[in-house]
Amino acid sequence: MTAGAPPVLEVEDLRVRLRTPRGPADVVNGLSYTVGAGETVAVVGESGSGKSVSVLALLGLLPARVATVTGRAVLQGEDLLTMKPERLRQVRGPGAGMVFQDPMTSLNPVLTIGRQLVEGIRAHGDVDKAAARRRAAELLAEVGLPDPEGTLDRYPHELSGGMRQRVIIAIALSNSPALLIADEATTALDVTVQAQIIDLVEKLQAERGTGVIWITHDLGVVAGIADRVLVMYGGRCVEDGTVDDVLENPVHPYTRGLLGALPDLAQPAVDGVVPDLATVPGVPPAPTDLPKGCVFWPRCPVRGDARCETEQPPLAVIGSADVALPHRAATWCLEGTSGAGSPEGGLR
Amino acid sequence: MTGQPLPPPDAPVAGQGDAKGTSPGPTTLRPVRPRWRETLGLLARNPTAATATLVLIGIILMSVFDETLAPQGPNEIDVADRLQSPSWSHPFGTDDLGRDILSRVILGAGVSLRVGFLAVGIALVIGTLIGLLAGFYGRWVDDVLMRIMDMFFAFPAVLLAIAILAVRGPGSGNTALAIGIVYIPIFARVTRASVLGVREEVYVRASRSVGASDLRLLTRHVLPNAAPPIIVQTSISLAFAVLAEAALSFLGLGTQPPSPSWGLMLAEGRGFIDLAWWLAFFPGMAIFLTVLCFNLLGDGLRDVLDPKQRTLMAGGGR
Amino acid sequence: MVVLAGVSVIVFALVHLVPGDPVRLALGTRFSQETYDALRERSGLDQPLVQQFFSWLGGALTGDLGVSFRSGDTVTSLIAERLPATLTLAFASILVALAIAIPLGTISALRPRSLVDRFATVISQFGISVPDFWVAIVLILVFAGTLGWLPSGGYVPLSEDPLGWLQRLIMPAVVTGTVSGSVITRFVRSSVLEALGADHVRTAQAKGLPARQVFTWHVLRNALLPLVTVTGVQLAYLLSGVVVVEIVFSWPGLGQLALQSVQSRDYPVLQGAILLFAVVFLVINLIVDLLYTAIDPRIRR
């Protein structure tokens, strides 16, 4: 984190409402955060927490017919949400690149890798075909693909999942974006490849000073890559702060549940065997029918305050507010949290 | 990264599964049978399919009570009343022999539907059986049966039917037989594909592991769960069977005069098209309406029962 | 190849193993024993079945499909005579079909539930459900009868009278093309809808490609790949299955020939025509497979 410099991205009160057959769904409900140059922000949450939608909304990748996006999202001084479509198109690529979850389906199966890279490069500058092709080969080399020249003429099905994800990263980086958004970028890959991809992004980020939004549900990845963490639940940020604050001193009952820090939240032990997955029982609220009070109330094992059922708690600073990144949580139940660490002494 | 077991928040959450209940969750041992009442309910909410169903019920009732409904006998000849345009006494007009078109259209419904149902019945029973065996047993049974089906599939449907009629002679019974034979491969393919989909489902393997007989497996588990695409195909095939009967009768190979078949009436009316458009118009409308309703019902059923669109494209039968 | 062998067996069996004496049927009710024996001998029907099959098959492989009971012409020449008309109609129809289906299916997929989409749904449902011969009759009544713009039927070769050729081609091509077009429209619509929802489209958008480029190269191109299959199926159908429309428009194609051979019990001709259609079907399938390999990199190897 480079303190003092203006953030690459500043999101303020982002809200997304989707039209569904079952009525309007409030998928993102007032999300605010910033991403600094060279900084990695991890957005964590269950499926249905609105984390993917919140970044797709930034780049206007939600179908306009069903999605209403409000708020502000300033990327390098320009608000993405009020941009004209043509300007937004120009920003996709050089402003922000995106890496998607499933490398198997995120590349067009009937076009060569080279073509898919070249068309992205040529969409943002007057580059002739040969130069774009040279640039494409460089990019492939940069993301660590062997035989970049040969790979240009190959089709996606001829590459492994990990190689395809490298190609997708190369595409996302091809116009040197200020911001890289990785939406569950390693979820579909096996563990060794995951680690390679994470290393790759960290290396490229260090070289280029790119801001990164890393969306994941994998707290291990978060511990490995993030500078700061934003925990999403029911379309809201329920806790954020530096990676150390959030992972080692979680405050919100949901975060603590995710981290397995609340033993009574974990699944009941059967025959004395502690189940190896810390899951939070219950299902996330339907975005068409959010609870009146705290979004987590229906599943919350604590419910330590009278206001829980009726009033959504605001994000409140925990500990010192006098740091660059204050640790915040949206819960009424702040007592008894100090000292509650992750059971296994942290994730790092 | 540590080996710390991490919560998989994206894992499917119990109870959140397929809302339609058509695909059983990994823990259910018992298949979720197609729910008839739910299906009908969903169908009723689709205005197009619901209307089509009502019209079809109307047409079927009309063919059951045709003798009562028809103002005249189908072959009541009234030479004085030849080629009358539609009027109050003859709403659809009369033909060159003075026969009442409305009565003949009403009585023709029975012929069309009988041939249609019989033909699809033949195709359904034989085709489904073949598809079931091929899909369930796989290996050489599959190879042999489906290869034979491919051979039949290689013949143009209409011509195969014409050839069968050529050797068997014309008539509505043979028409039904010919159309039925032509449609067997379609049902075999649809059934096979569907069976392959359910064969490896947990409940089938579970039943097999507790020693259920093949027959029991097939009738209790495989067939009910493989049924949705077959049901959709049945409706669509009925549409094409009615159309095919009309076409064959139009060519003079299907239903023979003086039976009031719609296709035959069209053929007879064709000669008078300049003089009396109603001769060909009303039977044509009757065919169109019936075929349309079976198709719309098929589409509606497909939306409800077979969202994955495993049924062959509607055009496959044409 | 196995299918082809099976097909020839079925064609042969169809005519020979089903009860009924083709010669007796061909000759009608009154004939002398000598005529009967002569015809039987000429068509080789007095030989054992297996031998008959192989001599027929041997002939078929060398292009000799036997001799017509009725006219005495060779079946091959009869078929060759009818082929141009059938090919003309089939290809004209598939052009009409694609000209309707690709734009209509694409637009309705891009604007689901719009006016165009509803219109396309209604039209294609109409095209699939309506008896084509009925539409043919109505068209003849309107355009040949009432308006008198077009001849009611028949065929002239392109080389003799290009205008007359076109005039006579329009109505049958429109009728059969509309039916096929309806099937293809529905297919294109669902195919484009599916392609629009594909993940790689989002990747293309996220690259900042212009919308038109995203649509052409990442939606349409992928959606139209499977169109090859459907077009092949429809073409096979058009080459063989439009008997009724040929009859209504007095179009001297193979369908008409097949029907005439049925009506006159001219079995060698029927046998030949059906075999030809089956071969055409298989050849088109083969071409579709080859084409697919050429345009879809996923199955190239």
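Think of it as A, B and C in the order they're written, each chain with its own count starting at 1.
We adopt the following convention: a residue touches a chain if its C-beta (ideal position, glycine included) is under 8 Å from a C-beta of that chain, and two chains touch if they have at least 3 such contacts.
If you're wondering where the values come from, they're calculated on a predicted model, not measured in any experiment.
K.L.:
Taking each chain's centre as the average of its Cα atoms, which is closest to the average over all protein Cα atoms shown?
P.N.:
Most central by this criterion: B.
K.L.:
Starting from the Cα centroid of chain C, hunt down the chain whose centroid lies farthest away.
P.N.:
It is A.
K.L.:
Averaging over Cα atoms per chain, report the distance between chain B and chain C in Å.
P.N.:
Whole-Å distance between the two chain centres: 22.
K.L.:
With chain centres defined as C-alpha means, what is the inter-centre distance between chain A and chain B in Å?
P.N.:
About 50 Å separates the centre of chain A from that of chain B.
K.L.:
Counting in whole Å, what is the centre-to-centre distance of chain A and chain C, each centre being its mean C-alpha position?
P.N.:
54
K.L.:
Of all residues in chain A, which are in touch with two or more distinct other chains?
P.N.:
Correct list: empty.
K.L.:
Of all residues in chain A, which touch chain C in the complex?
P.N.:
Interface residues on chain A, with respect to chain C: 56, 59, 61, 89-94, 97-98, 100, 102, 105-112, 116, 119-120, 123-124, 155, 157, 168, 171-172, 174-175.
K.L.:
Would you tell me which residues of chain C are touching chain A in their complex?
P.N.:
198-200, 202-211, 213, 217-218, 221-222, 225, 295-298
K.L.:
For a test of understanding, state which residues of chain C touch chain B in their complex under the given definition.
P.N.:
Residues of chain C touching chain B: 2-3, 6-7, 10, 14-15, 18, 20, 125-126, 128-131, 133-134, 137-138, 140-141, 145, 179-180, 183-184, 186-187, 190, 230, 233-234, 236-237, 240-241, 243-244, 247-248, 255, 258-259, 262-263, 265, 270, 273-274, 277-278, 281-282.
K.L.:
Which residues of chain B touch chain C once you look at their complex with the stated criterion?
P.N.:
147-148, 150-152, 154-160, 162-169, 239, 243, 246-247, 250-253, 263, 266, 269-270, 273-274, 277, 280-281, 284, 287-288, 291-292, 295-296, 299, 309, 313-316, 318
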